[in-house]
């Protein structure tokens, strides 16, 4: 998979994963199924990262997204038990889903046109970036953003804990 | 059409699906899932751009990494908010929570 | 702070002590009885269903005097006795029989074996035991004035239907007598 | 495939009543522990309302193994009722034997030979150790420790072998008779009991090493289900549950029956009445039982094992009587009304587990589900005894 | 012959062969570990354990497996058909990938990835997802509670696990299992246990929690939740969860032996024997724990993690980083 020098047949597979998973994620009635759709998509994207010889990002995708974020979302579903209550997109507002399709399709198509028209020339795949270099960047030029993201994470966690505690006290 | 475009189109599809989900999903959790889809699209585009153009390689990868970190933080916070909302309103459907009462 | 650490260390040590105990037991031989290959040895005190005791000199003749005490005392009514007084061919009801037998009845005590020549007033015609109902209290054995009942020690008794546990004790007695005779002959 | 379920999924009377009572409480989960559940040790059913992992309410539902023992007492003669007593509480059957036999003896004024009294003490205490051992193993099993119960059964098996010698059975004993016991103790019984006591004295430290001292177990028991003495009294809890709360109430000491006043033994009590205290009380009680047995073995006199003057037909005089003994689970009481016939007019059994169980609903409130299981286990319930 | 060898050297073929080998290894080990677990339990409890099928009960796991395969698959009413059946597969599938980058010998290696450690950590995290789906899909309250516990537990314990693994990555300067093993081949004292004893302990405890082994087997705590997330599974559905549990034990032990115990390095015997020996030794210790300890309570479990393991592992990590910087 790391000798990519063109379009790999696996690309098709991953694309199918992405599209089908994404469709399930936005269309499924049950939220847990939507979540499984999301998981499939995440795997597809991870596969694409692998195709682009960026295994670090691919594994991080699985570790963070699949291993942590989806689990969190699952927890949210479980705690609020919204699976049956969720009536999905089709019930009631046809107008709204029409609007949604319109908005999504419009912006996507415009962007697609831009992408196709003004895409810079692609170069053959560069050799895999070493972990060491990534690390140097993260502590060098990216240090500030790295710190920022950790602060954001910390604040988010503290905030979540605080919110959770407020709930217990309220009772 | 070169393969950079292909990756970008895949990213765009994710973005479009996410956008559609955000507008049409009725529950907060559904919207969160859609947001994750869009974030993934962004990440995919970033990595593709950095890997397949002369741009700095690490830039895209680290950018995506930061996006992932953000997504995790966001998910944590949204989870807490969803919990609060569901406790207070008994539902997580946005239509029911739209009233601007405290 | 130090107390917390001390407590934790103590707790962790307790975990190691637990491991030591199970580790020691791991190395010791097993203590369970390995059933089809081994059997338990204390079966002599086991009390199974009841059986009739024969008189001393005739293994086919039950000691029973048909007083029907066991039938009466049985909490679950699993004993059914048929008997008659020689001469009068008709069945005698329970209570009457009891009154006729003017033997004083302390609770079970070892007593002298009775011989066939003794005054056997009544003849036992049938002694059926429905072991399905029996609660193994042993009251019948203890209430028997002449110790004509005993516990069998058949631990491995098993059957596929309720019919298998409806015993004709008189028949069993005769069968046993036959088998001992055969043994003797052999 | 059925489109419509052929049975109601809404639950039965108890669960619907339970959820009605707690209506409007918000986002909770009503969970049905039992009647078939690994931690209820029988057919007890506990409905709990969970808020996350926290128990908001708990309610035991009884009656799944109700066998009308009290009613059966009214239709059977005094003697015929004897085997029932072993079935009420099969773990400490001899104490129930004793309670019933003692009540009838008290009513009739029957004298029990002194040897029989000692035999009763020895066998009853052995049976108490049996019961506590089983509780110990099962409780640790409730807390997730799989091994101790098999060690406990190792000892318990020896005990049952010993008790099999005079009684002939291994669990549902029917050994005591009006005015004595049904069979004398043999020499093998005495030597085996002595051997067992020697062995048991080395086993108890091992139990303490393996379980009592264990950090995880202490974490699961300490400060869990603290039962104040006042509350224990309020519910009428007895036995180790009451003694764990610091009340030294033991029928053997408070209203001594039989020859218990001739032995030296301590009444172990706890402090704050949490699960660990109940645990400690039971462990100490086993040691005290051993002490009693040792003394009884040394003092046991010769003589008849049953009063020879017991009448052929048991027909107590008119009157009523209450007799209580100390069982492994608490105070076992038999209340007997006689109208002078061969059958009791009314028989009432006081089962200690019944009172002890009802402490649970209040104790479990606000605890974590795992703690509720721990509390339920620490009460040492035998469901057939509760339902009777 | 050379052609065959050349064919085998093709990366894709190599990968497929490795996958098949790993699956066989897992299946075989599932059988062996079931037998070993039952025997260990038996010996600790002073009983013989399985004895009747085959000599000393050796064929018992095979018989059990046959029984599981032959059993009817039952799905409860109201369960989510797809999620219910996907869950056991999802629980089992990642194991094969997790074992790919682990070197079982100097040359016995499925896939040499630079980021092998990351790969294992990423895919072993999928198990919790499977438990979630199983718990949710079963339409059973016990299963749901079990799933909720699984999530909280594995999210919490992933942190000390990662942190303790990072310590080793720091000292060895690589995320590749091959490099990490290579750095420990200079005798017994070069093993990472001796330079990182705390990290090893934290890793081991967290691994117990991640694999849902006693005393941390809360998602399936039988005395509270009957069987937790797999309450409703019968036949091979249950069988797969069961197999997955044992496979994760293998993965965790294999990772632990590579990271801390020198992997395949050892004298006299060839590498893979050492590796296997180390894996089995760790698994035996896990079994020993299971048959000795009671189960911890849920809040205690999280307290152990947040109050002890995470601070300790953070301190350990900082200390390691400091020392490495100083040495440089």
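Think of it as A, B, C, D and E in the order they're written, each chain with its own count starting at 1.
In this text, a residue touches a chain if its C-beta (ideal position, glycine included) is under 8 Å from a C-beta of that chain, and two chains touch if they have at least 3 such contacts.
Small disclaimer: the values here were computed from a predicted structure and weren't measured.
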Considering only mean CA positions as chain centres, point out the chain farthest from chain E. C
Using C-alpha centres only, name the chain that sits farthest from chain B. C
Chain centre (avg CA) closest to assembly CA average -> E
Count the C-beta pairs in contact for every pair of chains, then give the pair with the highest total. A-B
Averaged over CA atoms, how far is the centre of chain C from the centre of chain E? Could you give it in whole Å? 55
Per the C-alpha means, the centres of chain C and chain D lie apart by a whole-Å value of 27
Any idea how many Å lie between the Cα centroids of chain A and chain D? 59
Can you check how far apart chain B and chain E are, centre to centre, with Cα atoms defining each centre and the answer in Å? 32
Can you tell me which residues of chain A touch two or more of the remaining chains? 56, 60, 68, 72, 75, 77, 79-80
Counting only residues that touch at least two other chains, what does the list for chain C look like? 15, 18, 21-22, 25, 31
Where chain D touches two or more other chains at once, the residues are 27, 147, 151, 154, 210-211, 214, 216
In the complex with chain A, residue positions of chain B that touch it: 1-10, 12-27, 29-30, 32-34, 36-37, 40, 43-44, 47-48, 51-54, 57-59, 61-62, 64-66, 68-84, 86-87, 91-93
Chain E-facing residues of chain A, complex: 30, 32-33, 36, 39, 55-56, 59-60, 62-63, 66-68, 70-72, 74-75, 77-79, 83, 131
Of all residues in chain C, which touch chain D in the complex? 10-12, 14-15, 17-18, 20-22, 25, 31, 42, 45-47, 73-75, 104-108, 135-139, 142-143, 151
Could you please specify the touching residues of chain C with respect to chain E in the complex? 15, 18-19, 21-23, 25-26, 28-32, 34
Residue numbers on chain D that touch chain C, as the complex places them: 76-77, 79-84, 87, 147, 151, 154, 161, 164-165, 168-169, 172, 174, 177, 179-180, 182, 206, 209-211, 213-216, 218, 306, 308, 310, 312
